[in-house]
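Shared chain: subunit A. Partners: subunit B in the first complex, subunit C in the second.
So, the complex of A and B:
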């Protein structure tokens, strides 16, 4: 656990330092992004991608840094089911931004940082207070704080914009974000905060993990759960505040939730989720900064959010384990396997009905047995042939089981009959009620379970209906672990 | 600081709006009142059903619907706007359901992902087609209640009713109030006790979707006046204030309307004094009323505690 955490931390720190390296090594000789207008899409893209312009580098670095810190802290929000706390907190910082701005009527990063952090913490404190002292529920308290703090913020912002100096101040950029407005001082602050977030999470990884997943246990082993909660809130407020400039107040919560949720879809390990969320956040930040740079004066926040949503959608659809496509594919192949096994079972039944005389089973026999048309049987036979469970020699309209096919057919019929016997024998269910259940379980019984059933049933040879429970022939040419063990001792 | 907060002049703040500027103030206050009443009535049920943040999600996510409707129809017609917003609202609901049901992402995160994405699409559309859309980012944030167009007054049976946007909002409020009155029992029972509602033969699912439809309509019609975010305050503040002051639902509905009226009037004066966004000022005034109600509630709680040790726990959380 500890070495994993360290590895994750080392990777994150590496990421951070390479970003800073980028900042200080590329030559600087150009105007700020805002000074330009009327340039073509291609020129803008080229300007961005060559990193010649320092403001481009600031914007890109800042966006990536905020993506990292938002992704890391958002992961804890998502696993704690507190996603909407992030939403409330991010709206509640607006009055703090305005007051920090008023401090000396400029976009002083430190003043705004302090004001916004205080406002965010006050917001979360008010949510807790309302939850504890009034009958209002959490959702109402969150909505209330979100909207009323935001309204106070809007009042202040509109008042500032009315001032002669306020109009050109760019405070409105804090609403939807403008990565181009990020300066060197901002990037320094962002780097400090992101570094702090990484270090704190690395140092207290175990504590954060335990308090997030099992607060009762954490309390029992003497961890100050409340303190860690407030610590997390403080870091969260930091992350939101450094993200404001680029993403904007309105959409910061998406940078917290969406990359983390995408990571959540891809892994079950918290340290891996943190790393993935940081990478996704960084990628979304960079892509958003790039896209908004292409147009003239486009807000950055919405583009970052859509980039993050695209990552989430990809994880949602194509995730290897939980993705929709993967799950659909698994379901489909499982259904196909069950279909094949049912066909094999029917073949066994046909053969059994004629006392295993003759080798081939004709399509018409099979169609009659399964009460299906011959066309349907042809499709199923083709599927068996594809999996080398049967061969279809020419125009005979019949199929012959391969050794593997015969083995599977025996195994399925055995599973079915064993289960029927178990239900009537041990669970005392009437023999005419057990067939349906056995139809389902025959496809999922594992070899270990079969061994156990056989033992409990004293190696019975006949099922409740008087039919023989088949043994499964051993195929010597297959690998030992692939061979069903039944009959090995027989 | 003096520059920021103008001097409090009684004449300018309280008299001028009702004398010199009467013709605009009265419509602004009425508009604010109608918006807050319609939102507050619906919001009461959202609070009861613990769905306050669904209001948040819907109000954000109708934005792309409205923007697309503007782009297609090229005007601020009410019908395209309503249709666009309803489609966007339905898309949000479906998206939240799909993300929540088809993956292991929890509902809160699903809400967060769905509405921020749609809102982002809306903002991008508006900023890309700023010249073609009669909408700007400021309007999205805090509406344009101060700029109600006064021309083209609606007349009915020889009577001048008022500016079209106010009349439209009044109609929406009237319909919401009528629906709440007509289906009072159904809404109440299905909100408080779904099991009882089922045994009474009330279709709770239908009531839920009807409420969602009502919410969408109210949010869309309030959009122009107060924007997409402040509307959340309009939805939650009146009901939350009423919850603190009464345990009886009819009284709560009455208090909701009172809260709406007071915050509209006080908000106007606050906004005129501070010279800031009137919609935001109305919400701030409503927040002030909520804080006052919380103080009253706190006083009642401690008061009750002193006098009867046994009866004071009613309605307190966790006791």
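So, the complex of A and C:
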């Protein structure tokens, strides 16, 4: 007991004296990035992919482990709208890293882990203190803590590099990350922390879910919401600290946010988001380690973050629900459908104008009706034919509706006229004001809505302009060979 | 005689030292549907949050069925304000309703099949069963409120606190909710409902709690819903109280 306190005192004195020494030393040269000699790209790739080199195995394993823990915890940050907290926490740990290093002047993973975690928690505590005792809001408090802690950290790191042993220390790797610097002891620590994160989230999934979604309700069912919040913060500090060596202080928050943000775009269930974010984080970690290795031990952090960003960009562009390609495609197909429906409506109008006599509608009739050129009409007719709404027999320059086409045409005209009637009758809008609105609504009215409208309008048969509201013929399972008179006359 | 569902004694609550509720005394008899009404800033939400122990209180105590509220939270159900959560959160309607079972489940336990059945039953009661597997975004205001009600039903509590369950809902949902509240009352539950709309308050509730930083009146609706008490609740005579509250904040 006594000897341990003594040793602690000695170390504290040592720490203090090295700090003092740092303040009064002259600058030395900063460490160069990349300790290995130059080799060709191919050799490096081969070295990496054969996994024979233990340092490669450590780098890869470590990068994947940190990706998992960052992805899991980052998911909770994203859904709790606490992304900035991750950023502040990751910058706030730097002074702790430096002090952990100074503890016995080596990159002892445990000392650095403890120092960094304490610094991170101190940063979080200062944020809370500022929030509670001043009118400042959280974002300001986070910004303050982030910058000031990071500044202290940078000063300490620079001073360590000026120490006689400092420029060989590799402490600068903590700024931008160096996966190759991960050793066996680091991997062990990373495995323990990642295991802890996985187990805690699996065990307390429902508690983390409800406290994240509705903290007030969670407290009302008796859950210790604060304890879960601080538990999450502690795990977050752990995850940041184990990620530091490979990703670096500056970019570690991106490993928290980016995989989780990509997962958020791809799913709407929390458990799937956690799984996806962990996989994305792991993939980004592995890819980042590989790329930095290829480039002769370039900083790993930026590559990892770029890999994660590539995943996010893919989710943003190609995601099935929120992806902009999917959205563009949906818009395009909706526009095409509306175009088809408008053509069908014009065909109906042509047929109606001649009291549904004759079957074919010529392109010139349609062109006149829609005030378009025959070429445009031909394109539209081809679209109708592709969707089996009309047939185009040979050179006749005319089209004939299929039963499905006739049904859709009737439905659109009915929707239009029902809506006009509804607006004039129920909403008391003048009959000459309703057409434009109906032009839009006719394409979006669903079957249920149409039934409701018909009921409310007492199954009226004439629209405000005196035109007949068509019924929709029942679609036959087998297509008849011909559709004489379209089954209905005015 | 069994203890009352809710007993509040001399409850004072302050935000940043500024008192927002003064010396509230309240004993709610069982099986009543109680409306809490009062102007904006009267402390309606504060009262029910403090009653559940969600806010630190400056003085006073709250008992639920004769026990301190913290010990009896399982007999308390809660419908928070709809705006208090992020409706884009990646959970399904079913997930939210299952949260109503968490209090009974305790730590480390997963919802069982029985919990899922119960949640489905509650969703059916608010006519939201067809939406069970949808994400909660894209629900209308009325549907969101029904989901919260279903979650509270899943708590199977004896005393319910509801924070503005009628705000932002359509007429159909409003009448469905009131029918549900009557059903709960018939089953012997006690309900305290924060309500914004005075004209309907008269018809909806058995008892009214008129609140404006303190209890102005509490009693059967027909007794307390009159010009004088409403004037006291909504009128300008409370300026002294708010001025003192401000002074406490500045000097305290």
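Quick notes on this structure:
As a convention for this text, the second predicted complex is superposed on the first by the 440 of 490 C-alpha atoms of A that agree within 3 Å, B and C clash if a C-alpha of one lies under 4 Å from a C-alpha of the other, contacts with A are read in each partner's own complex, and residues count from 1 in each chain.
To be clear about the criterion, a contact is a pair of C-beta atoms (placed from the backbone, for glycine too) under 8 Å apart; a residue touches a chain by one contact, two chains touch by 3 or more.
In this text, all values refer to a predicted model and were calculated from it rather than measured experimentally.
Within the superposed three-chain model, A:204 lies in touch with subunit C and out of touch with subunit B [touch as defined at top]. When the two structures are aligned on the shared chain, A:303 is found in touch with subunit B, with no touch to subunit C.
By the touch criterion stated above, A:230 is placed in contact with neither subunit B nor subunit C. Using the contact criterion defined above for the overlaid structures, shared-chain residue A:81 touches subunit B and also reaches subunit C.
After overlaying the two complexes on the shared chain, residue contacts for A:400 are found with neither subunit B nor subunit C.
In the superposition on chain A, A:264 contacts both subunit B and subunit C. In the superposition on chain A, contact is made by A:150 with subunit B only, not with subunit C. More residues of subunit A lie in contact with B than with the other chain of the pair subunit B and subunit C. Legend: residue contacts after superposition of the two complexes on their common chain; A:51 is shown touching neither subunit B nor subunit C. Shared interface residues of subunit A (contacting subunit B in one complex, subunit C in the other): 81, 264. Of all residues in subunit A, only 79, 81, 203-204, 206-207, 209-210, 212-214, 216-223, 264, 267-270, 272-273 touch subunit C in the complex they form. Only residues 78, 81-84, 86-87, 91, 102, 130-137, 139-140, 142-144, 146-148, 150-152, 154-156, 158-160, 162-163, 172, 175-176, 250-251, 253-254, 256-258, 260-261, 264-265, 295, 297-299, 301-303, 305-306, 309, 312, 316, 322, 324 of subunit A touch subunit B when the two sit together in their complex. Taken together, the subunit C residues at the contact with subunit A in this complex read 49, 52-54, 70, 73-74, 76, 78, 80, 84-86, 89-92, 95-96, 99-100, 102-103, 105, 107-108, 110-111, 135, 137, 151, 155, 161.
Subunit B contributes residues 3-5, 47, 50-53, 55-56, 99, 102-106, 108-109, 111-113, 116-117, 119-121, 123-124, 127-128, 137-138, 141-142, 229-230, 232-233, 235-237, 239-240, 243-244, 271, 274-277, 279-281, 283-284, 286-287, 290, 294, 297-298, 301, 315-318 to its touches with subunit A in the complex.
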